[in-house]
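Here the structure is laid out as structure tokens; the discussion comes afterwards.
Chain lettering (A, B, C, D and E) follows the sequence in which the chains are written, and residue indices restart at 1 in each chain.
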Amino acid sequence: MGKYIVKRILITIPVLLMVTVFCFIIVNLAPGDPTDLYISENATEQQIAQMRASLGLDQPFPVQYFKWLLNLIQGNLGFSFASRMPVVDVLPSKIWATVTLMFSTLVVSYLIAIPLGIISARKQNGFVDNMITGVSFLGISIPNFFFGLALIYIFGLQLGILPTGGMETLGGNGGWLDRIQHLVLPTIVLAAFYCSNMIRYVRASMIDIFSENYMRTATAKGLKEKLILWGHGVRNAWVPIITVISTDIPKMLGGAIVTEQIFQWPGIGQWMISAINARDYPVLMAINLIAAVSVLFFNLIADLLYAAVDPRIRY
Amino acid sequence: MERKSILSVKDLTISFNTFEGEVNAVRGVTFDLEEGETLALVGESGSGKSVSTKAITQLLPKRNTTISKGEIWYHDQDLLKTSSKDMKKIRGKDIAMIFQDPMTSLNPTLTVGRQIAEPLIEHQAMSKQAAKTEAISLMKKVGIIGAEQRFQQYPHQFSGGMRQRVMIAIALACHPKILIADEPTTALDVTIQAQIIDLLKELQAEFDTSTIFITHDLGVVANIADRVAVMYAGRIVEIGTVDEIFYNPKHPYTWGLLASMPTMKMEREDLYTIPGSPPNLLNVPTGDPFASRNMYALEIDFQEEPQMFKVSDTHYAATWLLHPNAPEIEVPDEIKRRNERFATILATKGE
Amino acid sequence: MNKNPIMQIKNLKKTYNPEKDNEVRAVDNISFDIYEGETFGLVGESGSGKSTTGKLLMKLEDMTDGQVIFLGESIQNKRSRQDLLAFRKNIQMIFQDPYASLNPKMTVKDIIGGPLEVHKLVSSRKERDEMVYNLLEQVGLSKSFANRYPKEFSGGQCQRIGIARALALKPKFIVADEAISALDVSIQAQIVNLMRQLKQEGNLTYLFIAHDLSMVKYISDRIAVMNRGKILELATSDDIYHVPLHPYTESLLSAIPEPDPESERNRQRMAYDESKFTYDQDDPHIGLFEITDKHFVYCHKDEVEGYKQKAERLKQAIIV
Amino acid sequence: MEEQLKFNPVSQKKIIEMEQLSQIQGISQNDDSYTKTIIKRFLKDKIATVSLIVFVLLTLIAIFAPVLAPYNPNQTVGFFEDAPSSEFLLGTDEVGRDVLSRLIYGARVSLTVGVLSVAIYAVIGTTLGLLSGFLGGFWDSAIMRLTEVFMAFPYFMVILVIVSLIGPSIWTVTFVIGILGWPMLCRLVRGEVMKVKKADYVQAAISSGYHTFQIAFKHIFPNVLTLILVNMTFGIATSIITEASLSFLGVGVQPPTASWGNMMSNAQSLTVLANQYWRWLPAGLMVLISVLSVNFLGDGLRRAIDGEVK
Amino acid sequence: MVSFKKLALLIMILFGMVFFLVACGGGSDDTEATGDNDGEGEEFAPDGDEDDTLYVGLTNAPGGFNPLNAPDTVAQWILRMLYPTLLEQPESLTFEGNLAESFETEDNQNFTVTLRSGAEWSDGEPITADDVAYTLELIANPDVETTWGVNISSLEGLQSTGKWEDGADGVAGVEVIDEQTLILTTKTPVDPNYIKEMIGFNVYIAPKHIAEQYEPAELANSEFATTPSVSGSIYQFVEYETDSYVQLEANPTYYKGEAQLKNVYLRVVNGTNLVTELQSGGVDMAAGGGIGVVPVTEVDTLANDDNLDFESYPGFATQFMFINNEEFDADVRLAMMYAIDREAIVEQLFRGNAEILNSTYTSASVYFDPDVEAIPHDVDRARELLEESGFDSSQEIELTVPTGNRAREQSASLIQQNLEEAGFNVTQVTFDFVTALANVREGNYQIGLIGIPLTSDPDQTYLWSQSGTTNLARVNDDKIEALLEQGRTSTDMEERQEIYSELQEYWRDQAFSVGLYGDFQYKVQSKNLNGGIKEFWGGSLHDMHEWTKN
């Protein structure tokens, strides 16, 4: 087990390096000089050159990259071009915001999706199943910006019962009710997709499980339906469910970009958009690194969890 | 000796809806299971043997199955009309099942012990501890060595034969009146198969369980069965005691089956074969479905399906050859040989 | 019978995951010859390595060690496309699962005719189709089947198609890997008869791999019994049945159910205690020893005498 | 006497004839090829059929946009922000262009992006997946590492950066979605190929002497094709939404070219959202309808292939 | 049943975790500032006296808080709340004392600055002439990264970049007389308004005792630049949540008196959200001035909102269609000018909330000459000119359009149509702003839309001179060079006005580019707010300490 984890992490390192190299190339290939953004129209050549030096842009790409890598090893992600703040200082609050949103979305989604997916599979092709499948299709088909704006308009402006943006009321006492109110709308928008997606996976894997021989055995034993369903059926659905969760989480950590943008949620996604617009390379590299690490990390977690839910899998 | 019938299947007719149309899987199956006996259902794949028995415990998928006719009497209860709630109390307790594939029939995510203990907790209201003790003794009984340790293990840690033993332990946990064993040894190696069959016979005697044993292997049937029902294209074509079927078969299909098996003693002449393949049950041909493969076919075989003709009190066969008007025919050599052997056996027994 | 070996297998080894915790010696140093025109039966229970052996001979898997000489040439050295094609033309396979061995997305015509095109044995589509029709006829199928998909056929028909495909290249050697075990009894007999008939017509050599001893005995000239990657006994099929020397063979034979209630009632099963016949790998005195003429048993040199006596005893019993 | 005639034995020759007849009848029940069977099953599924019709209609609209559109979609033809009228059935936009015409031309963009981008990644993903699954060993792990690298990228960020690198246009968006979308499909195909590879018919193809590439593309590919097709339809739906989202963020298809996404991004303005429904609702509905239809199409296809009884 | 109990428990745990996550917030830092009644959890409305807190909506995030290096307008605006300037500018080119009591000259070359007495930094240190001199020296120090070099470049002893000559280590033109007095000397006489705006109004005075603690070269990337600890103006810095909000609180030592509104939150939101927040009361005012801009499409909605004050004024924001002078001669350029229907853009796209640029100044500038009339929309004239010029009109012309400004993107479509009507063959090419700007800067374009924020001072050498750093149109014209030179060196306002009038007329007739429009400043704020944006936006904050909320 421990050996396996170490091995997996060792495999991950070159992948991560490649990701950062690619990202560095892509970011640096972009035309236009970030300094253009940070100088006024009447700036002098000297001033531009000085800024380039200050941002470390005066050096060739490979040198920049290795400097970045060297700093990374020391836990330093550089400082933001735009705000001149050390990226590591800003990162925690952004991750926190995104994780909060992610957590509430995923919890809400899965609490709804797993039972619905199971019901849907049990009543396969019945009225209830058709309703659930139909709604879940709607959920994955509706563009989230469209849905988000509609919710803002209805709940934020027409009804005025929910805040339209941000993570908390500024200058408020930071009470939890206030934060939950701010969470409601973005959570609904994101959950619409994640929930629908999960319903489809749960439904499909439960349908497969229902046709398994061991389910027939369980029925032949004369067990109660609940025990057959939960004790024998759902137990075997954890592997596909974990797979979906382990891809969902990094997807959101990489930025629920549009939703964060619409609701002014001060998370990774919104930060990323402003970093892209500001050509804020260190921030972009940091976000990219976080996203890549989270993808690889959750892959690993998923693999370890497989072993926990399925006794056949051992490392 | 008249024995009491414990399960009685009457004119069972089942069809499935598929994309291609309606498949008539079982077409009027009738048989009785007597107390304490082992009835073997023999037939090739698709002959309806498995479907008939699944209907007994309502294990067929409800969505696309139509049971258009028939009754299944267990004591004074028609199992086809029993509510699914009541059925749960019968399954596992009165009627238990063992399935073909021990690899997939056990839940991979539950310990073997738990899977054996479950029906005990469910049907006999045992405490967890009591169920565990009982499960371990069952495991010992089915020949699992080191039962205490293996109780905690998962199915994938068991070999195929061991898993089938576990399945047997599960099935026999509540001392069922009827055991339905659906090809329990097909997926196993011969040596393991022999062990499992011996075990089943032993336990059956001990638990006094009536058994329906489904298989396509006539060798296994010869070993385990008291009576044999031969199925073809959704019907029983011949039924009788094991001696009657093996030494004095009357249906040409049974002849074909017996003759096409190479035996140790056989020399290298061509095997007797039944030509062609079983009919498509999507649209069953008129007349006897076996007619077109039947070397002894009569004109009537292509027009009318034969009813069961009585050979003896225990022996019936559905072939026009038994009709009084039917011509005398020459039976295959292998069958002649079997008839002779029977005579010898009877003679020795008579002594 | 012709006694030229068509295939010589020398110290064949196949090890999965070598030198790891989960090392499996699927085929463990086996040697035998298969003679031209014979049917060689390879029997064993699941996991005995019999199918792996078949795949090694077909070059569907790479051997770990040893040598296989087919038609006088070592098959390991066949690497170039040309060599491989020449090799494959002469050796074909019939598979266990009749459905799984036919590509569900190809018509019967393409399945049977494909190899002809690959080996450039036909020059036109028309010629190919003609040959496909002939082959279908040869295996007892109507040529109207040619444009259909495998799904539409019964298991027995599919197996016939599989045989037609194997025959298309007019090979000298056919490996039949459990070719009948997935079929119903009545169909098994059909296929076995067909194979025998084809063998007579086409001067074929079969390697018949199966777990079902009764069928193997019926079809084979010589039989090798495999267990745990090793050949334990090798003899003519009559000898295997009448003079089984190795206890494993005896236990296998005793386990076969016979369709005869009376003999079933009276039968005695022989248990096989594996631990008694497990030897030290490095002992130079371990191997296949010829006990009687062409009858080999895997044992220790010291046990040879015992087996000789046993053979004598059993032969006596037959004559009496 | 006649009764007795019935019991006359049938000649062996006739039995053989009858047997062959029954064999041929046995299979002639279903005279359809595999494709035809799937189509028949598909057509039994009402929702899927309706979706197919909708999708075909959308495609026709896209193809015949110049004929169908009443006005030039990029030309100011009326007052600005005019409500729907008999002259402009869906009103005009912020610079006086006909919304209906833009909607019709937008179908071109959305469907082009949807279909083309998926086509690009399907080609890449399928090829790599086939190679990876079939060749195994070094190539497999190399390709798998590559998919990991691609999957570890924050998808949207790379799109945003590349789009701004090449300059946003319908082709950039298509290209970028296409280039980045393949890893999931690649893995799917690889998994399926690994499964198929073990099948006896592939072993048979190897022993028949087929070349590795022939095996990969002639024998294995047709067997994973349906899976790919189903995945592609879902991919089209996702691509349409991605284009719309990119346009919403201002980096998608650029004005004056009309796409449903950039039309819908009008709804970013509350005034438009509240008072000028014609400027966002039709585009939003079109996205929803097209995505729904493609999704249902894919689902119907999957069901038809799996043979799931409806 | 057991499994259901477990499930219920699991659900409760999960919900509990959500609440925990949400309740704990992003760490402890954000609750510290307002932690006085944390205990009363049921209240979720802003605590304390709501009227004490001002919420300002920004559409751009500040690029740090470095008084020496603030290229972006947002940072400059916020810095004005944190650091003192010598002068205020309540109206364009009308200066009042701020930190300086007086700012006088007799020869337009030596300027005597007298600081007000008793001014203190928020940590109690006095604000003295040393601070001013030290700030100017830092700006002139070649090691220091600064945006104000050009502002002080007219001082004696400095190069045109504003850095001191090689070998020097101080600014010759700055002389500290005593704690409250210093004299600034320029190289040549200048218009006093020029020096008053460039140094008096624009340069923030940094606290010497804090700035001294850092190496000059590292100032720009230090805490000094990101989290200022000491303030000398109306507010002091509390925290900046990147791209989300800036929190300030009243500076009790502010020399004009402590601000009435004790807390300020400057929220960074996008245009749409700014509108929703204004309507829902989430922000009290939009910052305006190009950094808190409501989209033009929302203007009607806001103007009709009963709770909001809405006004619009001409400002200094402009949009030009730059024409690459190296590719198009004067006639073609003029044809373009005639072809574009700027009236339609202003009236229909902006609903009148913008003005046509007759030349290169907006009406907000005191140097704007209303007599120089804008060239009207005249397609026929445009065609005529095009024909006369002999320009190959079939040649495809690329119109570079940067993304990020919807009104500009929409106007691009109209411009393209207009130009095509006049016989040009135009295609739009769209780039993100940085790329577009980079292309245009390198001359890698034909025509392109770029917005330029103008200054109150009329000097536009950087835009239209060959030596200008932002000569996007690649203008190379002797007459304009001469006019720019004259304007720059003249020290008299009236004389300058004449020079710039001539420049405007010449510029219009030569059509070096097309001045599309100057979009108006909006003042959008809650009716509850007393104070807020002024007509001259840059000077809006001069009375911020007196703003109140009802």
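Everything that follows uses one rule, which is that a contact is a pair of C-beta atoms (placed from the backbone, for glycine too) under 8 Å apart; a residue touches a chain by one contact, two chains touch by 3 or more.
The model shown is predicted, which means the values in this text are computed figures rather than measured ones.
Chain pair with the highest count of contacting C-beta pairs: A-E. Averaged C-alpha coordinates give centres for chain B and chain E that are 89 Å from one another. For this pair, chain A with chain D, the centres built from the Cα atoms lie 25 Å apart.
Taking each chain's centre as the mean of its C-alpha atoms, chain A lies 55 Å from chain B. Per-chain CA centroids place chain C at a distance of 47 Å from chain D.
Contact of a single residue of chain D with at least two other chains is seen at positions 20, 23, 26-27, 30, 164-165, 268, 270, 274, 309.
Within chain B, the positions touching two or more other chains are listed as 63, 275, 277. Looking at chain C, residues 154, 157 sit in touch with two or more other chains. Going by the touch rule set out above, the chain pairs that meet are A-B, A-D, A-E, B-C, B-D, C-D, D-E. Considering their complex, residues 271-272, 275-276, 279, 295, 297-298, 300-301, 348-349, 401, 403-404, 409-410, 412-414, 416-417, 428-432, 434-435 of chain E touch chain D. Those residues of chain D that touch chain E in the shared complex are 74-76, 80, 94-97, 164-165, 167-169, 250-251, 254-256, 268-272, 274-275. Chain D makes touch with chain B in their complex at residues 3-10, 12, 15-16, 18-23, 25-27, 29-30, 37, 40-41, 44, 307, 309.
The part of chain A that touches chain B in the complex is made up of residues 124-125, 212-214, 216-225, 227, 231-232, 235-236, 309-312. Residues of chain E that touch chain A in their complex: 1, 3-4, 11, 14-15, 17-19, 21-23, 25-27, 30-31, 34-35, 37-38, 40-48, 53, 55, 61-64, 66, 71-72, 145-147, 149-150, 160-163, 220-221, 225-226, 240-245, 247, 263, 265, 267, 269-270, 272-273, 276-277, 279-280, 282, 404, 432-439, 441, 452-453, 462-463, 468-470.
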